[in-house]
Structures are given as structure tokens and as C-alpha cells.
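There are structures below to look over.
In what comes next, subunit A is part of two complexes: it sits with subunit B in the first one and with subunit C in the second one.
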Partner chain A sequence: MLKAKLQNKIAIGALYGVAGIVVLILVALLGYILVSGMPQLSWHFLTAPAKAFLKGGGVGVQLFNSFYLLILAMLISFPIALGAAIYLYEYAKDNWVTSVVRTAIEILSSLPSVVVGLFGFLFFVVKLKLGFSILSGAFALTFFNLPLLTRNIEDSLHTISENQREGGLALGLSRWETVNKIILPAAVPSILTGVILSAGRVFGEAAALIYTAGQSAPALNFADWNPFNISSPLNPMRPAETLAVHIWKINSEGIMPDAKAISSGSSAVLVIAILLFNLAARYLGKRLYKRLTSA
Partner chain B sequence: MAEEILTTQDLHLYYGNKEALKGINLNFKEKGITALIGPSGCGKSTYLRTLNRMNDLIPGVTITGTARFKGKDLYAPDADTVEIRKEIGMVFQQPNPFPFSIYDNVIYGLRIAGEKDKEKLDAVVEKSLRQAAVWDEVKDHLHESALALSGGQQQRVCIARVLAVSPEIILLDEPTSALDPVSSSQIETTLLNLRQDYTIIIVTHNLQQASRIADRTAFFMNGELVEVDATKNIFMNPAQKQTEDYISGRFG
Partner chain C sequence: MKNTQPTTADLERQLKRRSKAAKLEVWGRVVSFSALILIVAVVVAIIGFVASKGIATFTTNHVNLWDFLTGKDWNPGIKDAHGKPEVGALSMIVGSFLITILSALIATPFAIGTAVFMNEISPNRGAKILQPVTELLVGIPSVVYGFIGLSVVVPFTRNVFGGSGFGILSGTCVLFVMILPTVTSMSADALRSVPRYYREASLALGATQWQTIWKVVLRAATPGLMTAVVFGMARAFGEALAVQMVIGNAALMPHTLVDPAATLTSVLTTGIGNTVMGSLQNNALWSLALVLLLMSLVFNLIVRLIGRKGRLH
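Take a look at the complex of A and B:
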């Protein structure tokens, strides 16, 4: 009796210890990034273009590029992932074709992102002659994002109980109506959470973009919103260095006098943005679930 | 003599190689309640689910024999499961309201079928909920989530949801086994109110329930239909020894 109690105490203590270490590492890491980065942050830093040789440059263009690339990548990958996940979870029969597709998705999701980047370089940049461009970057990110997003959405569908499907079918709805009108609305909050979380990962991705979206951030004219003009922010064919790539670049070859400060500031911006994504995912997921289910 | 609305002849069902239904011959007349009873695993739920083709959803199922609804073969190659299930609705063991408001739950079938007239939808909601004997309890919060209701109320909303698409037959698969006694008796009252207008087939583990509400009772065992007769006869004077043993609690 006493022995069992003691064992229990030791086990709980060990678990607390392990969890504590994880939290400590996380706090130390975040703390270091934020403490060293926060002092650099200013409106000027967030909006001004970068400078190559002088101090006082900002990350405005990189920040914009990150968001623009993220949106484009999501626009391409979300519909594909949604369709694939619905097919795999709701329709696909359990046969060898399905299992090949699933295995392919697993493999794709474990590809190192630098490999995805090099493939993107050879295929989109060189072969399809898209050049170093936002579009090449968005396609590469799609490859990177697609398997994880598909898995995510499949998991969301999985959380909707089987008796909801039976309920819909027994009511004389077709399978498509059941999926479309009952399962998907019920799964939207969890799908949205998955999308935003994967957005966080895409936002911080660097390796896949170095070879596809390029490492230069030409000055943009934020007054020109015609996507066909080369200096327009919306032009998808221009090279676009993102925030994460910027951090990598100034750390490896930055020659501006305040490289260290800019790198710290950029890291802080990146971390804060991803934190915001995570918080937004939770908040929106909850709100939406309440709205949709009127719970 | 009411017409026979649903007939099954020599109905066999196999899960892979295992024969779960061994040639069931059973017919249902229009209106009234038929209870299917029998020990666990006897095939009564399986049989119920062949009647609106819910077994189609399970991989590896083969069905032979005929099942006819108003003379139409339910398993004909051109039979439309969507149409069949509109005529033959089903209520499940676990209340499964959709995660929407009570109102939306009830009109879901109709709305998807394209009905937009607000007045008509309102009328259907009220009528169905009244028929399911849950209107008085939910009429003041129709636009709140059905998930916030008690299990018994949820189950009656699910019954209302089936009634709203105006089926001819309602199949119920142990609809009260997940509910407390008070909610169960409310469901029974609901079913008794519906028996003049609908053909109701209910699978139940609760023999008292069968004797309280059913006009006719069918006893299943080991994938076979042992006996079917007026409920009174089954309980008071069964023709088969097996039925008598089961009713008197000697097994199952």
C-alpha cells in the first residue's frame, strides 16, 4: 500500500520535473528572443525598407512579403488540401490506391524543407521559367504545406462523430449533402485552427523559400496596386525576400553595421507574429464554434 | 385489413463470410408499432438497418433475398438510397442532433431539399416538435443549440427531425437505451401518439417497453426470426419454446 503511494509520488514528481524543464527551455528561448529583439522594434523598423550597407534599415518590405506569400500559398494549398482530405476521409475505399496516396502524403510531410526548396528551384524557377518570384515561392510552400494541412483537415473530420453521418444519411441526405451541410460546418472551427497553425509554420519557413522566392527585396511602391507593374507590392512575379529568409541572410552575410540588432528585431517580429497566429487560432476557433452551433 | 407496406422475403445478410441474418420472412402492415426483440447479437438491429439500407455503409456486407417497400424492391440496382431514406426514416440509439439550433435541426432535411418559405418551415417545426411531444419544453429556445438539451429531449428532437421530412415508416434502433427512465417513458408516450399515423418499427432490449407500446412483436434469435405475433400473444402465450424461455428470462 505504502509502496504504491510512494511510487505514485515519485512518478508524479518525475513528470512535473520533465514538464518543468520543457517549459523552462521554452520560456528561456522566447525570453531571450523577445528581450534582445523588443528594443529594436519601432514603427520605423516595421515599415521602412531594408538597407544593405547603412544602419537604420527596417523590415517593412520583408514583413509585407511574408504575409503576401502566406496568403498566396494558402489560397493555392487550402482548396487542394480540403478536397484531398474530404475525399480520403469521407469517400475513399480502404484499398491499395488509398494507402499509396496516404503513404505519399506521409513521405511528402517528412521531406526536409530544403529539399522542397531545391525541387522548387529546379522545377518552378528554372523549368517553368517562373524565376525567383513570389509565385515560385508560393508553389514551393504549397508542397511544404499540403501534406500537413491535408492531415490536419482529415483529423478535423475525424473528430465529427460517426453518428452525425448516419443521422444525415438516415434523413435522406446524399453523402455529399451530409458532408457539405453537416460534417463540414461542424468541423469548421477545428479546420480553421489547423489552417492558422499551419500558417504559423509557413510564415516562419525559410529554407524552402531561399531558392524559390529569392533573397532580394526590391523596393516597392506601396502606392501602386496594379499587380502587373514590377514595383507593385502585389506583383506575384517579383523576387521577394521574406522575414525568415531575411534573418537567415543578415546572419550569414549581412554587412550593415547594425546587422545584429536587425536580426534580433526581425526574430522578435517573427516570434510575435507566430504567437499571434496561435492566439488567433484559439480565439477564432472558439468563437466560430459558438456561432455555428449556436451553443 | 391494412395493406402490407414493407415486406422482406428470405432476407440473408453476411458480414464477410459470417451469416448474420438467415433468411428472414417478415411483413409489416401500415400504421402501428412493431417491436423487434431478442438477445444481443441476434440480428434484430442488423435487420432493422437493412430496411433503409444503412448497412450499405458497412464494408464487406452482402445481402440476398428481397425487401420491398410498397412493392418497390429496395435493393434493385436503380433504387435510390436517398429517396428510400426519405420514406423510411431512422432514429438511433445515441441521440445524434446536429450541432446546430433546435430549429435548424428539425428543418434540416427540408431546407436541403430546397424549401425556403419561412412560414411553411415555421409551421413544420412546430408540428413536428408537437408530434414528438417536445414542443412545450423547447418552444422558447428554438434558436439555441440542440446540444444543450437533455438526452431525452435530444432524442425527441431527433424524432421530430425525422417526422419533418414526413416519412411513411420510422425505424428506431434502441432509442431509449441511453436514456433515464423518465425520458424513456416520454419517448414511449411520443411513439404511442404517432402510431395512428406512421408505421413504426422499434428494436428494443426492454421487454416491458415492447409489451407496453407494441401492437406486434417479433422475436429474433441467432439471426433467425423465431416468432412474430400480436404482442399480447407473444408475452402471454408464445407458440415457441425459445420465445417462452426468453420472455421468462431463462436466458438472454
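Take a look at the complex of A and C:
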């Protein structure tokens, strides 16, 4: 009896210790990123173009590229993921076709992102001759994002009570109308949360991009918004190094004199962006849920 | 004479015609199904393309598959004494497996311990602090982990163990921290799915909290915990940039943990841009990508097997 109690005490104490160490590691990690990166942040750093061989460059172009790629990738992947999730959850019968499809989605989600990037390189950059471009990068990110987003949306559909579906069908609506008019509006808050969280993942992805969107960031003319001009920020055919790729590149090349400072700053920007995505997902999800459901 | 009454044929057509809603229904079904088919097509295309490129080393360049998997010398541009190209991938395969297994071995006790702590011992603090922090850290980009590895871990190993600091050890440290949040948060999910009455029944029998955790909760959650660890391993195995930044990128057999080494992913990221499409050097890299792809399928299979076995309980 005593032995069991003593054992209990020791074990619980050990668990406190383990959890303490993990918290310490995680806090030190976040702290290191923020403390070493925050002093680098300034308006100049966030907006100025990068300098390859000199000190004092910024990450303005890379930051813009990251957001532009994120938006394009989301625009392509969201409708596909939505359709796939609707079919999987609302229509699909439990048969071998469905299980094959589910397996395929699982495989896609577990593929290393470098493999997805290499496929993007082979197919879009080389075969379709899109070159190192924003478009190639957006497609690669789409593949990377699709399985995650599909699963998120499916989970959101799952949270809507079966009564709502029965209600719609009992009113004589078709299944499609039920989904569109009843289920989707009710699921919007949690779908949005899922979209924002996956946006955070896409925002920091680099391995899928180094051979698709490329590793160079040509200077942009932010006064030129015609997508067909080569120096226009909106041109989807230009190569576009993102912030995450930038960190990798300047560290592995080692020709930029202040690479370390720039990487610390960029890391802090990435982490803060992810933090904001997370907070926004929580906040907007709750807020929208209140507004849409009067709950 | 004009007949204003609809004929039976008209009536029949009208009644048998599909309503607008029914047409919409078919349309919606087709659209959403084609989205699904598109995803499947993408998966098939990825596997097909990578496999066809990866096999070229063996079909076009006539490299022996066994030599490829067991050879220790990786210099695709150079021919050895027998006039065969040196494309032995063993050093990279060993490197990949070493850092994966080592980081998973270190991460597992920490991750499961933390998951138990936040779920069983201090649910309040767990839900308020630990869970949001781990969820945030799951989303931190891997290059950030790589950069921290480069600026903290590599100098540390250099000072403590000597050498350059780049190597398996630094890679393991970086991957350990990287997969820790993933495995923790998935383990916590697994523990959460253990029904409450399991714990209540055990405590009612007079078991201590630790006995309940060790003999009931962890046993019941084993399939979920194993899935979490395998997911962590899959992530570690497929991670490219964070590892590439700290491993040293020398495609040599690792003799100690602090020698520069290479993994499948690190050789891929550094090499693919420096080789010409269709050359042996390039094909050999695609073969490495194929190995990577196959391993990710194996991890997937393991997860499925665990899931199936878990369901039997």
C-alpha cells in the first residue's frame, strides 16, 4: 500500500519535471526567436528590398511575395477543398471508391513537402514551361495545402447537427440546396478557422517553393499594378522568393554580411504572423459563430 | 382546330422532366465529385512522375538497384574502378534513418509525459497554457527551426564536442524540438479520447493516480500514442530545409554523431538545382526522391495498421 503511494508520488513528480522541461524548451524557443528578432524589426526592414552583398537590406519584396503566394494558393485550393469535402461528407457512400479517395488524401498529406516541391518543379516549371514563377509556386502550395484544408472543412461539416440536414431535406430541398443554404452557412465560422490555420502553415512553407517559385526576388515597382508588366508586383510569371525561402537561402549561401540579423528579423516576422493567424482564427471563429447562430 | 388542352404526351413529358432543383443537384454532385477526382489525380500524378524519373537511374543508366541501396560512395559524376558511376545512397539512407529514430526516441517520452501532464494531472494549466503554446509551435515554419539550430545548436555542439558542429547530433536536436509539439498535441488528443469512466472505474478500485495513468489510460490510448509517434517520425524523415541547414551536407557514412553527414532530403535540396535534367547525376537524385516517397508511403501504411489494430480493442 505504502509502496503504491510512494510510487505515485515519485511518478507524478517526474511528470511535473518532464512537463516543466518541455515548457522550458518551448518558452526558450519562442523567447529566443522574439528577443533576437524584435530589435531588427523596423519600417525600413519590412519594406526595403533585400541587398545581396551589403548590410542594411530589408525583406519588403519577400514579405509581399509571401502574402501574394498565400492568397493565390488559397484562391486555388479553397474551392477544390470545399468541393471535395462536401462530396466526401455529404454524398460519398461507404464503399471502396471512398476509401481509395481517403487513402489518396492521407498519402498527399503525409508526403514530404520537398517531394511535392520537386513534382511541382518537374511538372509546372519544366513540363508546362511556367518557369520559376509565382504560379508554379502557388500550384505547389495548393497540393501541399489541399489535404489539410479538405480535412478541416470535413471536420467543420461534421460539427453541424444531423437535424439540420434532416430539416432541409424534410422541407423538400435537394441535398445540394440543403448543403448550400443550411449546412455551409452554419459551418462558416469553423471553416474560416480551418482556412486561417492552414494559411499559417502555407505562409511558412519553404521546401515546396525553392524549386517552384524560385530563389530570387527581382526588384518590384510598387507603382505598377498591371499584372502583365515584368516588374509589377502582381505579375504571376515572375520568380518570387518568399520570406521563409529567404531565411534558408541567406543562411546556406553565406554571402550577405548581416545574414544573421536579417534571418532573426525574418524569423520573428514569420512567428508573429503565425501567432496573428492563430489569434485571428480563434477570435473570428468565436465572433462569427455568435453572429451567425445567435447562440 | 387547335387543341388548348395539353396532350397526354405533353403532360407525360412535363411530369417526367427533371425539376430545376434536381438538375442543380446533379450539377452540384458532379462539381464536388470532380474536385475530389482532381485531388486523387494529383496524388497519382505525383507518384507517377517521381517514380518514372526515379526509375530512370536503373533502366536508362543501368545502375544496379542493390548497388544503389548499399553502396557507400556518392559521387554520381565520377566512375569507379569498374567504370560504373558511384551512386551508393547508403550514407544518406542511414543519415535519414538515424536522425529520424534518434529524434523520435528523445521526443517520445517528453511528448507523452507532457500530454499526460496536461490531460491527467493539471488539466486546467494544460488547457490554458500548454495547449495553445504547443498548437502555436506546431505551426512554426521549419526554416525557423533550422535557423535556430544554425545559430544556437551548431555552435553549442562545436564547443562541447569539437569539430564543425554540423552533423547528426545537431540535426537530431533540431528535429527533436521540431516534432515535439506535433507529437505532444497528437498524444494529448489520444489521451483525451479515452473515456472518462475508465479513469473513474480504476480510481474507484483503489488505484492511485499513477496506477490509473500507467495501467489504464496509457494502455487504452496506446494506438493513438503510437500513431502520434509515427507521425512525428514521418515529419522528421521528410523534413528538408531545417535538417539541411545543420547536418553539414557531406554524403559520407557517419562514423560519429558529430561528423558532417547528409540525409536524403538534404542532398535533394542542395543537388537538384545544380544538375542537368536527364543526366545520371540528376536521375540519381530523383531516385533519392523516390526512396523518400516510398518511405512516406510506408509510414502511412504503419499508421493504417495501427489504426486497424486499435479498432479491434
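Note that in this section the second predicted complex is superposed on the first by the 271 of 295 C-alpha atoms of A that agree within 3 Å, B and C clash if a C-alpha of one lies under 4 Å from a C-alpha of the other, contacts with A are read in each partner's own complex, and residues count from 1 in each chain.
Keep this in mind: contacts are C-beta pairs under 8 Å (C-beta built on N, C-alpha and C of every residue); 3 or more make two chains touch, one makes a residue touch a chain.
Bear in mind that the values here come from a model prediction, so they are computed numbers and not experimental data.
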| item | value |
| --- | --- |
| Residue contacts with subunit A in the superposition, subunit B compared against subunit C | C |
| First, second, both or neither for A:D94, with subunit B first and subunit C second | first |
| First (subunit B), second (subunit C), both or neither touched by A:I230 | neither |
| Which superposed partner A:L108 touches (first subunit B, second subunit C, both, neither) | second |
| Contacts of A:L24 with subunit B and subunit C, given as first, second, both or neither | neither |
| Touching partner for A:S161 - first (subunit B), second (subunit C), both, neither | first |
| Contacts of A:A186 with subunit B and subunit C, given as first, second, both or neither | first |
| Contacts of A:E177 with subunit B and subunit C, given as first, second, both or neither | both |
| Which of subunit B and subunit C A:L169 touches, first, second, both or neither | first |
| Partner chain(s) touched by A:L128 [first = subunit B, second = subunit C, both, neither] | neither |
| Set of subunit A residues, in rising order, touched by both subunit B and subunit C | 173-174, 177 |
| Subunit A-touching residues of subunit C, taken from the complex the two chains share | 21-22, 24-25, 27-29, 31-36, 38-40, 42-47, 49-50, 53, 109-111, 113-114, 116-118, 121-122, 129-130, 132-137, 139-144, 146-148, 150-152, 177, 180-181, 184, 208-211, 213-214, 231, 234, 237-241, 244-245, 265, 268-270, 272-273, 277, 286, 289, 292-293, 296-297, 299-300, 303 |
| Touching residues (chain side subunit B, partner subunit A) in the complex | 52, 54, 57, 59, 81-87, 89-90, 92, 94, 96-101, 104, 108-109, 112, 143-145, 147-148, 158, 161-162, 165 |
| Residue numbers on subunit A that touch subunit C, as the complex places them | 4-5, 7-8, 11-12, 14-16, 18-19, 21-23, 25-27, 29-30, 32-33, 36, 79-84, 86-88, 90-91, 100-101, 104-108, 110-116, 118-119, 121-123, 126, 143, 146-147, 150, 173-177, 179-180, 197, 200-201, 203-207, 210-211, 244-245, 247-248, 251-252, 260, 263-264, 267, 270-271, 274-275, 277-278 |
| Footprint of subunit B on subunit A - complex, ascending | 93-94, 161, 163-174, 177, 181-182, 185-186, 292-295 |
